[in-house]
Structure formats: C-alpha cells, structure tokens
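Handing you a structure now.
Chain naming follows the written order as A, B, C and D, and within any one chain the residues start at number 1.
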Amino acid sequence: MIRTAVLGAGRIGQVHASAVAASRLAQLVVVVDPFEEAAKSLAERIGCEAATDPLEVIARDDIDAVIIGTPTDTHVHLMLKAVEAGKAVLCEKPVDLDIAKVDEALRQLEDKDVPVMLAFNRRFDPSAAAMRQAIDAGEIGDVHQVVITSRDPGMPPEGYVQASGGIFRDMTIHDFDMARWLLGEEPTEVLATASRLVSPDLVEKYDDYDTVMVVMRTASGKQCHINNSRKAVYGYDQRMEVFGSNGMLLNDNLRPSTLRRYNQDQTEVHDPLLNFFLERYDDAFRAELEAFFGAVGSGKPVPVTPYDGRQALHLANCALESVRTGKVVKV
Amino acid sequence: MIRTAVLGAGRIGQVHASAVAASRLAQLVVVVDPFEEAAKSLAERIGCEAATDPLEVIARDDIDAVIIGTPTDTHVHLMLKAVEAGKAVLCEKPVDLDIAKVDEALRQLEDKDVPVMLAFNRRFDPSAAAMRQAIDAGEIGDVHQVVITSRDPGMPPEGYVQASGGIFRDMTIHDFDMARWLLGEEPTEVLATASRLVSPDLVEKYDDYDTVMVVMRTASGKQCHINNSRKAVYGYDQRMEVFGSNGMLLNDNLRPSTLRRYNQDQTEVHDPLLNFFLERYDDAFRAELEAFFGAVGSGKPVPVTPYDGRQALHLANCALESVRTGKVVKV
Amino acid sequence: MIRTAVLGAGRIGQVHASAVAASRLAQLVVVVDPFEEAAKSLAERIGCEAATDPLEVIARDDIDAVIIGTPTDTHVHLMLKAVEAGKAVLCEKPVDLDIAKVDEALRQLEDKDVPVMLAFNRRFDPSAAAMRQAIDAGEIGDVHQVVITSRDPGMPPEGYVQASGGIFRDMTIHDFDMARWLLGEEPTEVLATASRLVSPDLVEKYDDYDTVMVVMRTASGKQCHINNSRKAVYGYDQRMEVFGSNGMLLNDNLRPSTLRRYNQDQTEVHDPLLNFFLERYDDAFRAELEAFFGAVGSGKPVPVTPYDGRQALHLANCALESVRTGKVVKV
Amino acid sequence: MIRTAVLGAGRIGQVHASAVAASRLAQLVVVVDPFEEAAKSLAERIGCEAATDPLEVIARDDIDAVIIGTPTDTHVHLMLKAVEAGKAVLCEKPVDLDIAKVDEALRQLEDKDVPVMLAFNRRFDPSAAAMRQAIDAGEIGDVHQVVITSRDPGMPPEGYVQASGGIFRDMTIHDFDMARWLLGEEPTEVLATASRLVSPDLVEKYDDYDTVMVVMRTASGKQCHINNSRKAVYGYDQRMEVFGSNGMLLNDNLRPSTLRRYNQDQTEVHDPLLNFFLERYDDAFRAELEAFFGAVGSGKPVPVTPYDGRQALHLANCALESVRTGKVVKV
C-alpha cells in the first residue's frame, strides 16, 4: 500500500483524495491545506489526517507519494521539494504558466530517480484509452488527421479568467496534450485564430479570448485541428476523431442515462451531457491514480511526465504567438 | 450510520459488501458465510469482521440492518428471523421458489413494523429510473405497450439450471417486476410460449426452456411483451421500450467506452456490451443500497417489497402454466 | 419493355403508376378507374391513356402486365380474369378478406403458367432486404426470435375501419408476412391479445381493436412477437429485430434528414419519422415493381405469391381466434 | 414547362439529364456533346434529341434553359453565349479556374437580366438545407464555429489531378461555399496547411496536396474549420457541425440501409457510407434542379450565383497562398 498525501483540499484535491481512499493500491494518510477548515472538513469526510503545512508533510517518513493539487504557482516548488525528499509525485497541470520556470524545473529533475507524473487526466478516459489502443493495434493504419472538439459549459468567473494564463494555456493545453498523444509525433508548426464571442468585455479586459481554432502539423505532415469555446449551452463537449490511412476512430460525449424520448415533434431525444469535468472524467481521475500507483509500485515509468506538460505549454505559447503575428509559428 | 451485516459471501454478497463499505449512510460490520474461508477472505479484502453463523449475527445488538444474499431456500427463514430481531432487511430475489411459502412469509410480515425490501436491482438502474420518472411526469401520456428484451450472454452451468426453478422463475422474474413497475397496473392475463433452442438437451433434462416469449394484459387493456434467451453471443442484452398515447421511451445497453470505428467494410462499430449483470448493473446495485439505507434512515417506506417479489413469482407461475396448457392464464 | 396497365387510380394506384412510368423495364400504357375523372387526371399527369373498364383493358392485346390496385373485393375477380387473358399480374394485398374465396382463387391459379405476384411491399425495403440477405449469409446463425414493431401514425377514418376486415387482417397482415419471411419457417401456433386504447368507441362499434400483441411459434421452436398500435404520435414506427444463435440484426425508422440538434435541455434530437407508408416505403414500392418486371421479363418465379397472401390472412384469422378464445391457436 | 438543353453528356450531364426528365417543371429537349456517340446514347436512354454543337442549341427558339455540364474551360464561354441568347443558365462549378476570367465574366453578366445559377449542389442536400433553416429560425442563436469534414473515398486518376486546379480549387471549393453559406458572413482571413500523405509522388508531381486543413475567420470573429482528404477508406465522408451561442447542429453521412449488426465482437455495426457524390447527393441534384426551374418559372432570384462561385474560388486561392507563405491571408 502506497502511503499517500494529498496537497490541496480544493475541488481537484477532493477528487484525488476520494480516489486515493477507494484505491486498493494506496492508503490515504493525510490531506493538506493551509486553510485549516478545508483540510479538516475533507479529512473527516474521508477518514484520514488533516495538516496545514505541505513541507512538513512532504518530510514525513510515513509518506511514500504526494499528490499536488495546490494553486499553479506552487506546483514547481512542491514538486521539487517532494522529489528531493524521495517521494513519488503526481502533479496537477500545468507545471507552471512560465515556460522558463518549467524548463528550469525539468533541468533539476533530470538526474533524479523518483517517479514524477503529470496529471493529464484525459489520457485515462476509457474512450480515449481505447482510441489510443486501436491506433497502436494498427486498426486505422497511419494517422493522417486528428480533430479535437473541446468546449466548456460556461464562462468561468472573472477571477479565474484573470489568473488562468489565457484560454490557450488554461483550456487548450489539455487538447495540445491529446493532440501530441494521438498524433504520436511532435507538432512542428502551429496556426491559430482567436475571437471574443461569448463574453467579449470580460476576456478583452484580460487580453484573452473565449473562442479559438488551432491547426497543427508534424514534420511528416500529420495534421491536427482543435476547436474550443468557453460556453456550450448543451454542456461540456468533449469529442475526438482520428482519421487514418485505413479507417477512422470517433468517441462521443457521456450522458447520465441512455434514455431516448420520442414525441410528436422530435425523436431520439437524449439527455443533456454530463456537465463538467469532475463528472465527465470521473472514471478518468480514478484510472489516472491507478496508473500512477501502478507505476510507483512496479517501478515502471509513469505514463505522463512533466516534459509532456512542458510541451503542451509550449504549443499554447506558439498558438498565442500565431494569433498575434498572423503567421505559422515553428514549434 | 446504519450498522450492517451481509449474509452470504458469494458473488452477490461480494457486490453488496463492497457497496455497503462505500456507502456514506452505512457501515459494514460483518460478512457471514457458513463456508468460513469465503467469509474471511471477503472480510479481509474489505476490512470488516467475518462470521459463520447468520442467526448469531442477526441477534447482535450492534447490527441495525441485514442484507440477505444467501441461497434462495434460506431467504424466508433468515428474513423472518431478522425481522423478529427488529433488523431492517434487504433480501435478494426470489423470496422463495414456492409461492405458498412466500404467501405464508408475507402473512407473518403483515403486522411487523420493520422495513423489508426486496432486491429487484433493475429498478435502480439510472436509465430505468429515468424512464419511470418520465412516465410519472406524463411525458408519454397513458402507457399502452411495454416491450422488454432481456437476454443472458450464455447458458448457466448445469447445477444452476437444476436449482434455478426454471427460466420463468429465475430469469423472467426480473422482467415481470419491470413489467409491473412500468405498466403501473397489475397484469391480469398471461400468455407464454417457450422453446429449447440454445441447449436443448440440458434444459429438457430439467423440464426447462432457454428461449421464451410472454405477453401480458392488464384490466384496462395495457399490454406487455417480454422476450428472453439464455444466450446472446453479443453480450447481456437489456432493453426496454414504453409506448404511450403521447410518445415513446427507449433505453439502450451499456458499453465500456463510446469508441466508434470506421473501416473499409463497416461504420459506426461499437464495443461489445458490458457482459453480465454485475458489470451492467453496477450503478444499480449501489443505488439500490442507497435507496434501502435512505428508507431505513428516514423511516419512509422501502421502494420494493416482498409483495413485489410474490407478484413477480406468481406471474412466472402463470407463464409456465400458459406454456403447459396453451391457454391465457388469468392472474 | 413490358406494356403495363394500372387498375385503380386511388392512392396506391398513383404510386404504382408513377413507378411504372419511371421504370426502365416497363412502359405505362393505361390507367383504369371506373371513376373517369380520377383515371383521366392521373393519366394526364403521368402521360398515358385513361380508361374506365378494367375488363376491356385486361383484354387488350397491347397489354402484357396488369397491376391491381382496386378495392379489395375486386382483387380475386380481376386477378383471375387477367390470368385467363395471359397477363402477368401484380396484385395489392390482401387477395381477399374471406379465406375461402382466397383458397378457391388459389385452386384456380394452380395450373396457370402466368406470373402472379402479391404486393407485400415491405419485403423490398432496402433495410428489410439487407436483413434477409444477412440471415441467408449465415451472419447470425439460426434464427431464434423475431420482434416486429409496427405502429401507424394515427387512427384511420371510420369508413376505413368499417371495411378493413379488422386490425389483424388489415394492419398486422403485413407483419405476419414479414414474420414468415424472416423466420424462414411457417408459424404453427398463434397467441394474441387485443385492446381498445386509442379510439375505444370507434373500434368497439365494429368489434375491432386498435392495440394488439401477438406471439407465434414454429414447429422447430422459433418465436416471433408482433406489436401494433393504430396511433404512434411520433410517426409511422416500423422496426424489426432478428435474434439468432450467432448475433442480432436490427433496422431503424427513416427520417427526412440526418440533422441532430443540441440545446440547453436536450441532445441528439432527431427529426420526426417519415409519416406514413407512401413516404416510408417509397423505395420499397419502386424495388417491388422492379422485382415484378424483372421476374416477368426473365421468366423466373415471382418473389411473393398469392399463397403468401393466403398464409398471412390465415395467421390473422388465427390471431383473432386466439383473442376470442383465450387459447393458443394451431395454425 | 421549361424547355431545357443539357450541355455535356458525361457523368454530371447524365445526372442532370435524368433529373430534368423526371422534373414536373421542365421538359428535356436535347442533350449536347461534341462526342456524338455520347450524346446519342444518353438521348436514347432518356428519350430526347441529341446534338453535337452547343452554340447551335443555345440559339434554338424552342430552348428556354441551358444546363452546362461541359469541361471547366468552356463554362464561361457557354454561359455568356446562353445569357446573350436570353436563356436561363445553370452552370456547373467552378465558373473557371482563373479568377481574372471569372471576374471578367461577372462584369459581363452585371447588366443582364437573365437567371444564371451556379451548381453548388450541396446546399440542396436535405440535411444541409435543414441545417440552414434551423440557423435561420434562430435555433442555435449566433453562429460561432463551423466545422466541415469532407473526405473523398479515393484518389482520382492522374489525369484528373493534372487538370483539377489543385485540391483547394477542386475539392475544398465545395466546402468554402458551405462555409460562406453556413457562417452567413464572408470570411476575412484564411489560414491553411497542406500535406502529401495519400499519394505523395502523384500530388508532388503536380505541386498539389492530398490532405489539407483550413481555418477561416470573419470580421465579427466567427470561425470555420475545414478538413479534407483525398482518401477515406470507409467511403465519402461528408459531415458538418454548426456551433452557436444557443446550441449546436450536426448532420451525418448516408448509408444504403439502416441495418445494424451485433455479433460476438462488435455491436451497432452499420453499413459502409454511400460511396461518392453521385449517390450521396442524388437527392441534392434533384432539389437543385427544382430550385433552378422554380426560380426561372417564378422570376425570383436564383439561390446560388456565379458570384458565389467567384468567392469560393477566391478563398481557395487564399488558402493556397497561406500554405505557401505560412501567413494568415487577408481575403
């Protein structure tokens, strides 16, 4: 049993804490949050210790692994401290919003022999995983085009927009990771366009956008399109398509039931989509943790690394540059 | 927290034990099985006590509720003992294969003020529940016809066939319960036909069938069709359709992912179905337990009663009689 | 080019006349209707002769084939006259509502060497034909169960109900033919139940029903369920399912477009169904004619015979008897 | 009845000739092809005159409308001649591959009061038309993003590649028209990337591509993505998605039947797609002609004009320039 601490008792920390508690591979020892009430409330609900100082917890001998779900600007610091202490780390994305800081962190991790995994949860969604397996099995031959649709159910609050680093670094970053993973090759060119259609005043205030389209190309000519919107009234829209020389793979959104309704005006009416990422990727969060604990336990490499986080961030920066310069950006 | 004992450490007992352990409303105290190894192994895995004598456990003061997942012929005895001891009971179906014994048990339960729920898990499937809610909300007007397709993925082993009470009492019984629940009215007439197509020799040996079709009618003229097969090579097929004066409701089977494949010969290829009831009704088993604990905790009536079990068994008997007499059987 | 006369300028006559005019195998010479205006109007629109006396037209030397779309009680008379005159015949179903009259007609046709085809159009629907081909190709192994859902979009007018011969002989008759065709074996037992739920007063007046369920069984134990309603508010509902030892085949309804709508409350909203048989079976009517002309031209047997019509009528009579006696009826 | 000549007896001329013959609004008088055999063979099959000189036919008094389905480089000449002669014109796309020639033609048409329609057939596909109507009805609010997937079933022969003008002007041009039509606003910026993945040697020989992705933006910030491939092994893939402030619209591909297959390994297996444009857009070709004849007959404006063809060609040129310069191209 891998003795685990969860740093951060916010939304994502709660998800991880519950998943650790339910895992057969790990034991949840302590949840940590500088806001004592939050730590205690979560600890009580799940049945573990509460603490307020992450560095103290990282230093504890009875902790094998640390899950970092704290604010973005603390990720690098905590990750490096945990690695120094020899703890396995699962860190929420992004590593940092500043790519120089990320590169410096990567440099410091280089000679460390401790598993550090980055939490790109979508790779662990059962449908995404099945898609990747089908590609690996050669079902569609060579990948030629990837199309990723990723739309949030609604604008985040202003404070979130202000701190997010912009739509490319906050939202599209997940899709950049998916793109790299599904293409099986690094994109070498990025083109992007961006608009303000959902909340023009709000996003303009922070020099941000709410509606974007990206096209990328790899050295061998594979192509990927990503489209994002901050507001899909019909729910959290998460679809992917991989087109290859011998076929195509598609996935679909999830709904709470399979019920279909027929009436005088409409047929095949399905439920609305599962609304947002906590519900939609519930299975993925659990599978992600199992993958992390499985790698830690077996000594095999973790499936997603901080370098993957670095590359996704870099693509986000390239996309933004393409929007600003009106040019293809070489990655 | 409702302190709970699970009687029976077989397949269904394991499902219930895990679900109790995960429930926020209950605490799993002990699992009981005369086969000590089974009880201990399950108890260790989940983290609770193990015991071998159900009557001793039923008598314990620190037990509030008992979940009965033992062999069918012990259900009535254990249910009555638990009720006498003032414990809330969730009992697996069927109450008993002998309707006289069931009726006698019902009589003895009549003046008892203890919650006793029968485990017709399918009512708690999210899609079935959504279907019933849509009917209640008047979405399809008056119900006119119900069509239930229910096919197992493969023949059970001979020992199971021998002891099951026959396909109507073992398999169709779930559909009889669904029929009553969706029709919202008691069937008053039953017609049935039965064949031996899957494993003719095996089922003939026990004077049983493997492929059946039933039609029922209520006093007001509502109709219901049920079809069953012991072997659907494409997996556990569980579909329902409710047709009404203002519309129709359909549900669909579940699959492990939403992946759809396109190739030279085929399009929209979906995954196989979730194979059998433990996977297919995983959500339903959990929701069923929550409904039970919710009723026990709140003092509200349980949503499925032993009488529901009695009625489903009676319809099974009527169907068998219809097959044997070639006549409509008045319920 | 097969020189063809269409008898009857009503709804179905118009369908046939247009299809003959468009066929590359045939030439539409004349449309016949005792109501001169109807014949003339149709003839003008399509560009052919009009006539009022079917027997005169049947006698013409420049007519090779006769399509009978007149009222049911004239079918046998016209069919026999056409056969006597050596004309190939495509006759609308039913042959007659009186099975004695049908049997007498069959006797008279016995030694005639003229192609006589019965117009069970649904066999020529592309999805039904693909289903039959898949069965023939062994894709699902042995057929075990057939489920046919067939619901009209609305009650017919009173005059139609009065003359139709009842729901089994008018509406279910199509499904009886489908059942025989898909089962690949004659049903030997029929059970049925019938209700008055859509227009109770109207159907009771004519001792008829509007909502029925049938179960049939063949000698080898294959089973078939049919359900009918006179009124599906969501449109003309025509679905079939064939379940076999190695798989299952399903078809679906048709819609005018593939558009799917997503909004705040609903997803995957499809168009209503094509409303009734003229639209729904548009392709089937054309394919049926091509099959008829193809057989006539090549001298091969026609794919549907008056005997098929006789059998479907007989099953309808058996179903009605089962409703009235509450017994399984041996076919 | 609009007396019509079809110029060109090739693949598309045959489609138009059949559709004219079947139309209730028009009469097919003559088909014209310099290759006499082709003209005669088509004329005989459909039942009309054959001719070899298009200019003679254009000059005939008994011709009201001319449908131009000849090689691209003759379009402008024949169109202008027909307009001079006062004939209504339906001209196949593209107007010409040289935009200067197109602009000159548009200038000459400016003061003519004769209906000239360009044959962008996809606008008349029932699902596309339903999509446009839903947008017009305000069902999805403001359009924010359009995604068009358009993949051919296989590489065209070398001769076609050589003469086509390149993938953007030959294939994407249809999607550029769809994009303008669905966006309801002119794109003002074009970004594109292009690869050689299907037949690298062949397309490189003609400085062409076989796999492309385009992103466009309108002045108000609406976005459109188009992806194309010359070879989708699963058939002719034609899908569109319109995402708006209040919902989303999707269409789907067409298949020859609705059959769905289930077996041990797969479920919901659908037929392959209708293979190519003649089958896929069969309904659209007929609806396009009816729209043309309807406009001609009523004196209302035609729904697609040569200017639409000019704009689509211009977008194709912009896309090619974007590929070559690596920059956003201002339209």
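One rule holds in what follows: a residue touches a chain if its C-beta (ideal position, glycine included) is under 8 Å from a C-beta of that chain, and two chains touch if they have at least 3 such contacts.
It should be emphasised that the depicted structure is a prediction, and the values quoted were computed from it without experimental measurement.
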item	value
Same-interface partner of A-C, chosen from the options B-D, A-D or A-B, over half of the pairs matching	B-D
When subunit A is superposed on subunit B by its C-alpha atoms, the rotation angle in degrees, nearest 5	180
Averaged-CA centre spacing for the pair subunit D and subunit C, given as whole angstrom	39
Centroid distance [mean C-alpha coordinates] between subunit D and subunit B, Å	57
Shared interface positions of subunit B, touching two or more other chains	233-234, 246-248, 253, 260, 262-264, 271
Interface residues, subunit B side, partner subunit C - complex	142, 144-145, 147, 149, 151, 189, 191-193, 195-198, 211-215, 217, 221-223, 225, 227, 229, 231-234, 237, 241, 243, 245-248, 326-328
Subunit C to subunit D touching residues, read off their complex	22, 126-127, 129-131, 134, 139-140, 246-254, 256-264, 271
List of subunit C residues in touch with subunit A within their complex	233-235, 253, 255, 260, 262-273
